[in-house]
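Please go over the structures that come below.
What follows is a pair of complexes built around chain A, which joins chain B in one and chain C in the other.
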Partner chain A sequence: MSEAAALASVHQSFRQCFDIIEKQHEEWKLAIKECDSILVTLSNLAEQLQACNKVTFEKTPLSTFTDLQDRLYFKLKAAMDLTLEKLNDNMCSVQKVRDAVSHQVGAVLYVYELNMEKLGLDASLKRSAVSPSVADMLEWLQDIEKYYRNQYIRRKLLLQVNPDRLSEIQSLPRAWAELEDKSTAKQQLVEDTLLGVALFREAECEKDRFS
Partner chain B sequence: MQRGHVSLTQEVVAGGTHVCMMDLGLKLLPLDHEDHGTQRCRLGPKAMSHLGAKIGFPILISLPSGSCLCTTWPRKDLSDGFLQIDTMCSTLPNSTLDCTSSGVCLSSLKVLNPIKLKKVTVKVVLRNLEVKLAISPAMLHDVVRDVLRNVYVLPGYVVKMTNDCPVGIVDIIDMDPVTDGAGLITAKTSVNIKETITLEWYKHTVDNAPQYKIAGMDEVFVSLCEIIKFPFQYQNTLTKLGLTCPKGLLLVGPPGVGKTLLVKAVASQVGAYLISLNGPAIHGSRPGESEENLRKHFERARDISRGGPCILFIDEIESLCPKRGSSSNAPENRIVAQLLTLMDGIHSDNKMVIVAASNRPDAIDSALRRPGRFDREVIIGTPTLGQRRAILEVLISSMPVSSDVDVGVLADMTVGYVGADLTALCREAAMQAVFQVHQDNSDNQVTRTHFYEAIKKIRPSTARSAIGQVEFKPIHWEQIGGLEDVKRLLKQCIEWPMKYPEAFLRMGLTLPKGVLLYGPPGCAKTTLVKALATSCHCAFFSVSGADLFSPYVGDSEKTLAQLFRQARASTPAIVFLDEIDAIVGCRSEGKTGSGVQERILSVLLNELDGVGLKTTERRGKQKLLEGSDNNCHNEPVEFQEVINKSVMIVAATNRPDVLDDALLRPGRLDKLLYIPPPDEKARLCILKICTNNMPLHHDVCLESLAADTTFYSGADLHNLCKEAALVALQESELQATCVKQEHFQKALASVPPSLKARDLLSYKKLQGYT
Partner chain C sequence: MRYTGIHSLDNSLPGKSPGFVTPKRPALTGSARKIKDNVADWHNLMLKWENLNDSAFGLASKIVNLRVSLLSYEKMLVDDTSPTNENIHQDKEELERMCSELVDILQSMHQIQMKMEKLTSTFKGVCDLEAFQCRGEASCPVLFHTWPTSLFYETSQKMSDMYKKEMSLKRTIVGEIAHTPDQDLLMVYLSCWLYQPYVDNSIKVLLESMLLETGHRAI
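Right after this comes the complex of A and B.
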């Protein structure tokens, strides 16, 4: 296999990987957005639960209903459990995205390692108008993979609150949003990278069509 | 790659400098912001191809301050000659690199082979205590796995995380398989967390560099270590027994004996976290602020003690907690009350130990000194001979000392010195050596003479404010004529036990407590004592009525008691009471017992022969206390200390008949020495000494003079010689060159003897009576 062939196979694996990342990123965004609304629900429930704990029903007109407090408490708890379950499902899909990206990036690295000797350093560093260098793209892929892993573990840590600490649950949506804000620069990372390789991917597509 | 190498060499040669590529320096630049926490190092393509580095593969960078494991990446602008390093995985002590230093040599970069690890053992350092409490072990494992994923590591390296991660630092303890290459942690690597600590503790253990050396306090050191370690070693047993550990300790001792140093040494020995608390840090200007500060400090100690042993050290506690009754100061009382409550409140967890130090334990509120607050009180006294020796050995061990320095002799000479004084002494000796080296280029060593010079300059700090410290012209035994018997007896009583303790031990002898010198005036009683103080190297205190008497009631007694306390702190010591009859007087039948003299007498009697010492005056080991000194027969050094522990009183009077009988009985001033007026032989001796510096005419016959001067005391003889010389000068109108016999005869006529036969008889009677 010549240098050109090696380059071609590496480029192809890059293109596949970017395709998958684009798809996965959509899913990621969707899941995160869904989590947002679930967390708002959760915080509302926590607030209600807190209020339910605070109020003394004997002093209100509702005192005729004897076990109202317990019933309410049970209901709210059940609702919370349900919400948490939904949240868990969402986190699972987030995790899936992370694993898929990790897997794909690993595969690209493997392909690169196989072809590294033939490719040579100079070829790996060569950039052109349409295509970034192999080194650049490898770097981006690593960054993306790391970003997903980081985000996932961060969010998972955030959700590790004790269900009895209601005030913490109440503040969850804000913390969740903050997590997004804090990494605004990195949030754009995936989109930016995809934009950066858009021409490269088009070119690869055309190459495929011609061949 | 080969091509790159050739072109590089050509380029270097073309540049006109025949430098090997390996010696070329790369300029170290600060890292780009986005590369933080990525373990990347940025290199130029030529350097990369020269090293044979592959993109994304591990490289070991050796820097002067430590080494750094990175992955190789090309610079974005592909320019050569620069190096940027992310110190994520390194052995560097701090994370910031010094980019101002000269460049990094290319040869200090080394490409490593990547090895996928099966297992890695780590120590996890969490950012703070809240994280540690909140995070579950399973979650922690996940987090650690995640942060270590795709990171290259080597054993002994430290992986530092970026700021927003709950895990601050991961210490790589061990990895499997161990190879020369860099270990890559993949998804399949099993991560074994050996230990979880907080960042605060980690920093504490890392920069716990200074090792404190202490000596002569082994016993206290061990017991202190035990108290601190106990709750950790026997946690289960203690809970089973339902015991609470002692948590408070009060160190008492004079200033400079090393109380603070001891606590620091113990803390570093057991690896405990030391929080110090002192007055200025606590006291605030607003009401209630002081209490708040105190609470804050305790809170902090409690937080830290959850992570490991912790010592809260309150230095100079008497300033923080004065006695509440005596000071009508409301804020201080509140602080004391707050401290008491806080100390009672620490019973919830067993890991915090409170150590307080004070040199005035009497000034501390008594409520603090009970079990449950300060359970134990450890008294550190002025160091004894053996302890001084140990301290000096430690101090000298780090100095270039010449072989003629004998630590034993030095320890012997430094009576009354505390640890701080000894440190000052060694420093002074070293300074002397430095000066000398500066002046004449002798070899760079501290010799014995340097130490002796230093001893002259550094006085023991206990003596700084002492009463009765005197300076006098040294007098040798030979300068006193006659009195050979008295000299021998004095030497027996005082010099021998210090010089030949073994002999005293062998014969089962105990020392006399005190010696009374009595005799007619002018017979060299005071001079004898001076000679005594010169010849035996021990602390010498001299008091007179002027030192003792004061217009305030009780002040005189206090001063005398303090004198004895100081003397005991620097044993062996001699306390000299001149004209003791004027100081103590007699409890005679006619007078009531309320005079100052009677009170001083009672104090003196107590100090001489009281029940015991104050506990705060304890020195050395506890069994060396008064009354139990028969236990140690084996070690001569220890024995010497036992023999010398007492204070010897030497009193002088010329009216022994007015002294109280209680003072004269054995056990107090038990050795009565009569200093007789000089006999003929002694007079001759005295005359010889007096005329030593006088030009005598050859017709002067001192023998006949001595025969003629019965009832002349030593002082009279001295006066006689002076008078004779004056007469000689007078006669020849200041032209005299020598003193003749006739001058002596004239002087003899004008100077009558001061002693009378009747007086001598009364002294003789007393001598026969005793």
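Right after this comes the complex of A and C.
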């Protein structure tokens, strides 16, 4: 296989990988947004549970309903369990994005390693007006992969609160949003990278069409 | 709003055209007909109750919000005597209006609950009639698949007891919601309203069992 053929197959795998990242990133944003609203519900329920614990029912007009506090507590807990289940489902979608991206980036690295010797250092570093260099793109892919991995683990850890620590649950939406804020610059990472390789992907598409 | 008692499920398909009738099974008559109709009524009443409960909850939370803002405003007045009570007057009128609206909804819910009790007493009547008809015999006939008639009465009794208790809780809440300054208690009132602690989660199973037994739901 010639150098040109090696470069072509590496480029091909880059293109596939970027296509998949673009799709996965949409899923990611969707799942995170869904989590936002679930966490608000959860924090709301925590507030209600706290109020239910704080109020001394015997001293209120509700004193005639002797088992009311237990019943309300049970209902609120059940609602909370249901919400936690939903949250868990969403975190599974988030995890799936991370896994899919990791897998795809791994595949690109594998293709690169197969063709590394034939490609040579010069070709790996060469960039043109349309196409970034192979080295650049490899670095970007690894950054993206790291971003998803870090974000997932941070969010997962944040959500590992004991369901009985109501005040912590109540403050979850804020902590969750802060994670987003800190990573706004990084959030752009995926979008910026996709923008950076837009011309490259278009050119690869053209090539596909004519070959 | 008056419930006229259409004996079919509200969410069922529109009726067949008159020219297309399949005389597969003979039409139900007597006790079986009555029971089947009653079960459909139960289903529809519960739907109506849920709808009213939702709109009442919306009102109740608005009332609570207004109460909280009025309270904080009154506190401000105590601290600093600036007499801009134009807004506060408006808010109080609004509060009054919403409270009377809530009382109206409560009244409609009470009517639904009374209808539920009436359904239960009809079941009781069917049971008594059956007991009279089969006196001296070893066992009464099963009208549908497996349930003895008395089970319909017991189930209906259980369900209407839940709503009765829930109704009295709601009445207490409506009486108190605009008069307590305790925010935690206000929160408890709201969650009680929304989560209906006296209507067990099992009620759905009870209703579905009756629907299944009487053939409203396909097995």
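To be clear about the criterion, the second predicted complex is superposed on the first by the 211 of 211 C-alpha atoms of A that agree within 3 Å, B and C clash if a C-alpha of one lies under 4 Å from a C-alpha of the other, contacts with A are read in each partner's own complex, and residues count from 1 in each chain.
To be clear about the criterion, a contact is a pair of C-beta atoms (placed from the backbone, for glycine too) under 8 Å apart; a residue touches a chain by one contact, two chains touch by 3 or more.
Quantities reported herein were computed from a predicted structural model and do not represent experimental measurements.
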Next on the checklist: Under the superposition described at the top, does placing chain B and chain C together on chain A give a clash or a fit?
Outcome noted: fit
Checklist entry - Once the shared chain is lined up, is A:K146 touching chain B (first), chain C (second), both, or neither of them? => result first
Next on the checklist: Under the stated touch criterion, which partner chain does A:V40 make contact with: chain B (first), chain C (second), both, or neither?
Outcome noted: neither
Checklist entry - In the superposed arrangement, which partner chain does A:A203 touch: chain B (first), chain C (second), both, or neither? => result neither
Checklist entry - A:T60 contacts which: chain B (first), chain C (second), both, neither? => result second
Checklist entry - Where does A:R71 make contact in the superposed view: on chain B (first), on chain C (second), on both, or on neither? => result second
Next on the checklist: Between chain C and chain B, which one touches more residues of chain A when both complexes sit on the common chain A?
Outcome noted: B
Next on the checklist: For A:D122 in the superposed arrangement: first (chain B), second (chain C), both or neither?
Outcome noted: first
Item to check | Superposed model, angle subtended at chain A by chain C and chain B (C-alpha, nearest 10 degrees) | outcome: 110
Checklist entry - Once the shared chain is lined up, is A:M91 touching chain B (first), chain C (second), both, or neither of them? => result neither
Checklist entry - After superposition on the shared chain, which partner residues are touched by A:A79: those of chain B (first), chain C (second), both, or neither? => result second
Item to check | Least Cα gap, in Å, left between chain B and chain C after the two complexes are fitted on chain A | outcome: 30
Checklist outcome for this item: Overlap of chain B and chain C contacts on chain A, residues none
Next on the checklist: Show me the residue ranges of chain A that touch chain C in the complex, using the header's touch definition.
Outcome noted: 47-48, 50-52, 54-55, 60-62, 64-65, 68, 71-72, 74-76, 78-79
Next on the checklist: Considering only the defined contacts, which chain A positions touch chain B in the complex?
Outcome noted: 102, 109, 116, 120-122, 124-125, 134-136, 138-139, 142-143, 145-146, 149-150, 152-154, 156-157, 160, 182
Checklist entry - Which bits of chain B are touching chain A when the two form their complex? => result 1, 4, 38, 40, 45, 48-49, 54-56, 73-74, 76, 78, 134-136, 139, 142-143, 146-147, 149-150, 164, 166, 187
Checklist entry - In the complex of these two chains, what residues of chain C are touching chain A? => result 169, 172, 175-176, 180, 182-185, 187-188, 190-192, 195-198, 201
